[in-house]
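Scroll down for the structure; my scribbles are underneath it.
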């Protein structure tokens, strides 16, 4: 088991955003959290990453409890994270944004700057540009590349397809497939069911801070009732 | 003409002391978002330690400076690790007050340790004497101060633009949470930056001891100028701190030459003008 | 309490009386500061500037027209005018920017006090300021030359100032200021012109600083530039912090403790600053509520316990 | 300028660096019609509210309120004219009591906050009105508690109370049901419905909870990438293919 | 809110009672009817001039120890209390009030800063206590407050600013080659008054001199380089300088490295004869870096007068404190012996009687013969000025080549006209 989340409860101040979420990610699979805006997907991922320490519950990564650890320790254990709002370091260049991760995690491995460039052919042409000048889509690719630079065994991507043009979504789908082939386990959060269906095996639907459905995405796609209830308008 | 050029050169040496102290203040603010009121006291500690190592223990000047940097760096580390770190999350007014408490403690501590008499060691032989510039003797020491100041500027530029430590610090400064998430040990970066900033203040103090005395109260005299420089330059902006140090240093040297009566007032006028025109400072982000 | 203060001259020695005057002055000074800090959320490190403006203005008036009433009034009005002017420039900024700006403005006033010798007497200051009679128009002039008499003047003025401040913070205006402190954006959406109200608070704080400053020259007969220095600005900050920022009486108790602590420490050691520093650090690290709220909390807990 | 419009927005644009957060929005809000503004993350909903209420200045475009241009007006003046809002993240006066939280906007509307000498206890008119609001939002029992210490659900109610306290003609609510338990959510929805009738306040809500949106609103505005994608009554929006695609991501795969 | 105010009041009342209770009543004994003669001592013990306050404390302590060992004054023991005035007028006044009304001082002595002295003056009248000023040098203290306003309680044992300014003019009027003077002045009253008095006096003797440049350095200046270069741009023959203590040392060193002593004929350093300054520049003097061009004075100089009393005083002082006495130590020490003489003469510690006893007093101190001047309560005594040089008999530099002018010849006399301060 790559990741086990048990009865996670997270709050901002008085507001219980996550009200007891449990989920599993098996080694080698791609799992997607689905749900509308404000359902609690981002908070779940942040809690796993240690950015918003949970109030209760446990997070177990590769059999080891990481609940309450500092994010940098979790990153150094091999969890890569690309947030929904990208958070590219604005005054570092594209190449520095990538290289810095290798430097700070010290996790050398298959992923190098060149391999990230191969994965996202858009990036090498921008290698000297500062993060602040990149378009949203470019930042998205860079954020994923940056998360890979720590050679993670688990990669967490928050809303990877959000705001991307169809062409870029296509690139992204290809990239995720390649990443998976390299043996990286993925946990995504997305609103876009069609996109999720193309990359993920299993999914969880989150609504109002709790899990409402879990299962194979193909099955989910077939169940228009659930889609309508939790994902569509 | 020569008079003006010479005075400008003197102003440049004045500016370099200001630069060293405001550089540390700026770096600490830029990364930790803390205004360190006690920064001037660290400057003073640098001066006293340099006096002890060089003037009393007779160590070589360079070594003495190095040791006083380390000593003050250690002091900064203690301040950050055991005090400031515990209050990052609370209202910044309290951070200001805490560092104010440190001023009171450090000012009295030097009196207890070194006594009330000012301290001044001899000028190292290799920095004694003068060169000629614009037809007048220009002190080697002032040239040395200018050289150190410019060297520090270049080193800081290289450190922050070219070294990985600098890039990590910049990344942390711009987004400490994301830096943490990619594996940066943020608390350690904070300690490192605070220590580094303290050492810059100490360098300003230590470097000056043979020509400027170490005495209780010099820290409090420096901190206001350093504040004004960082406000003019734009809080947290290193380039701004450098430019406004040059501006204040050189302009106040000319103030002494042309308007000797208004010198003290001069720096405040610059500040008010800058704030009226650009409230966020000259180089605000 | 007021009763004890009223009969104090017959109980206490002259030094105690003098000390109580100083405490009352610092109380008024700190109350003004806390309107800005505790109630409006702005930490000013330049209040000594307005304290000095009040003191110098009062001194100049007393040297020209020997009437205490005019001196106090002039000090207050001129300090408030100075605060209005500098406040206009300062309240555009908040938080650390505001603190540094007020620090610099305060030091600017300090350098004026030091430099404008023809008017301020430079570093020697203004000397020989008379403890002139209090002549309120329409009332018979009252001589206040003795320390006891002057004590009563300070007492009445301070109690009046404390009472007015109490009314102010418990008025709709005071509530609006506290709202700004808690949330600037929400206050805007409550229809409050935030910047204007900040300026009002700044001006009132400057007015109180000026009043406190104006009470000083008749006591000391002198005004010198160090009263404008930032280390003087630190006094109301420390007093308020010591007593507690979120309670009305905090600055008053704090002013008292500040003088007591200093007075006690200096009797035993000349290194009193280090002890004050240790107290400040300890307060910030451990007891941010100040002494009064510490007691208030205990009292509230006891009350809650007895309810059950 | 539509005669019946309460608020009209024309060609509104706002950029943050590279990002066009609001990119030419045209919008009309009609009195007494409860409008919901929906759309995926980053669609520009909150930016739109910030522009309309004055927290942000637009790069271009115009805003009219009750037929009067307010594009450059300071926030507190807009509030005085009858425009108010609640906040997505909790934004209350944490150290003040619950009653005082509501009292501030009421006093402000009555022009009483300028008075330094009146006593709060004597502000009978304002107090009565604030008590009335507390009663309406069901927080009368908590009037003396510090607002920072009451439960999240009660703070949401208080947000709502503070938003209606200036007696606005138009009130924006930014995610009024976020982080609430089902019971609290029902309370809030009932309250909004009731207030819009009793107080004659027109509400415009930004909301992600589609149950809330469809059960509450008379009119839905769908935003995507800084623009208004569609608007209309709930029944039509539910069937709108474009809207479905935005939510299910079909456009991205086209 | 209400409750907190209540608690605040309770605290306040309790504390007030404590203050009241703390006022200790006094007893009685000894020939003067007091348990002990109490001496309040003040000086700057913090900040950059802290050593001057320390020297005051050392001088006072030693005088009191010696007097007590010899049986006190009319059988009465002396007690002292030293307080730091922080160089702030407000603190000085507060201390004085504490010392007199709370601690019960019969006399006060000390005070470094002119600002503090000027503030203390009127308070002394109210407290009715004599304060012997042993450092503060402003002419206004004696001219305005004593002669002008008639505050009898002010007595100065130290010399006024006349010494720093007028003696310089008297010395350099005889150096015809020096025609162009510049000043690097302390940017406050003391600096301005000195420069004005110097210019006025020198002009009388030497209409040919020019005053070519002035640079003013505020209190707590750390770098005088721009001031030095600004005045040197005018190519002066000599420099008149008034920053003192650590600032003087800094200034001299910064002038040295700008090669100033190669370009000028003389440098007058007011108060350069202070022990801390001489210690600070000792290495440079030994290597003759000043080329014999550095002239200085002080309020007392340890190598003059060459009398057994002075030598014995220095020996005792060095034995007691392992340092040389600074002028503030000597003046404070002597002030206490002046007080002793006055009390013994009047057989009283009451202020008016002691003041009466001071009139006409002439007394020999380590610093020489001091004569009380009733018009302004200034003790008049001679202090030489001289060239800073090495003396094999002393471990620190001394003033040599001494010029002694009779103080009574150059002191200002009533009616005092204000010193027109020009910059």
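Order as written gives the chain letters A, B, C, D and E; numbering starts at 1 within each chain.
Everything that follows uses one rule, which is that a residue touches a chain if its C-beta (ideal position, glycine included) is under 8 Å from a C-beta of that chain, and two chains touch if they have at least 3 such contacts.
Please read all numbers here as calculations on a predicted model, not as lab measurements.
Student: Which contact partners do chain A and chain C have in common?
Tutor: Common contact partners of chain A and chain C, which must touch each of the two, are B, D.
Student: Please find the path from chain A to chain E through touching chains that uses the fewest steps, and give that number.
Tutor: Graph distance in the chain contact network comes out at 2.
Student: Spell out the chains that contact chain A while also contacting chain B.
Tutor: Chains touching both chain A and chain B: none.
Student: Return the chain whose centre of C-alpha atoms lies at maximal distance from the corresponding centre of chain A.
Tutor: Looking at centroid distances, E is the chain farthest away.
Student: Count the touching C-beta pairs: is B-E or A-D ahead?
Tutor: Between A-D and B-E, contacts are more numerous in B-E.
Student: Which chain has its C-alpha centroid at the greatest distance from the C-alpha centroid of chain D?
Tutor: E
Student: Between chain B and chain C, tell me the centre distance in angstrom, where each centre is the average of that chain's C-alpha atoms.
Tutor: The mean C-alpha positions of chain B and chain C differ by 33 Å.
Student: With chain centres defined as C-alpha means, what is the inter-centre distance between chain C and chain D in Å?
Tutor: Chain centres of chain C and chain D, defined by C-alpha means, are spaced 42 Å apart.
Student: State, to the nearest whole Å, the distance from the C-alpha centre of chain C to the C-alpha centre of chain E.
Tutor: 34
Student: Which parts of chain E, given as residue numbers and ranges, touch two or more other chains?
Tutor: Within chain E, residues 45-46, 187, 218 contact more than one other chain.
Student: Can you tell me which residues of chain D touch two or more of the remaining chains?
Tutor: Nothing qualifies.
Student: Could you say which residues in chain C touch two or more other chains, in rising order?
Tutor: 114, 170, 272-273
Student: For this structure, enumerate the chain pairs that meet the touch criterion.
Tutor: The set of touching chain pairs is A-B, A-D, B-C, B-E, C-D, C-E.
Student: What does chain A use to touch chain B in their complex?
Tutor: The touching residues are 49, 51, 70-72, 75-76, 81, 83, 87, 89-92, 96, 99-101, 103-105, 107, 146-147, 150.
Student: Spell out the part of chain D that touches chain C in their complex, as residue ranges.
Tutor: 53-55, 74-76, 79-80, 84-85, 87, 91-96, 100, 103-105, 107-109, 112-120, 123, 126, 162-163, 165-166
Student: Which bits of chain E are touching chain C when the two form their complex?
Tutor: Interface residues on the chain E side: 1, 3-5, 7-13, 15-17, 19-20, 22-23, 45-46, 82-84, 87-90, 93-94, 97-98, 100-102, 114-116, 118-119, 121-123, 126, 138, 140, 144-145, 149, 187-190, 192, 218-219, 421.
Student: Going by the contact rule set out above, which residues of chain C touch chain D in the complex?
Tutor: Residues 167-168, 170-176, 178-179, 181-183, 185-194, 197, 246 of chain C touch chain D in their complex.
Student: Note which residues of chain B are touching chain C in the complex, please.
Tutor: Contacts found on chain B: 35, 83, 86-87, 90, 92-94, 96-98, 100-109, 111-112, 220, 224, 227-228, 230-231, 235, 261-262, 264-265, 268, 271-272, 275-276, 279.
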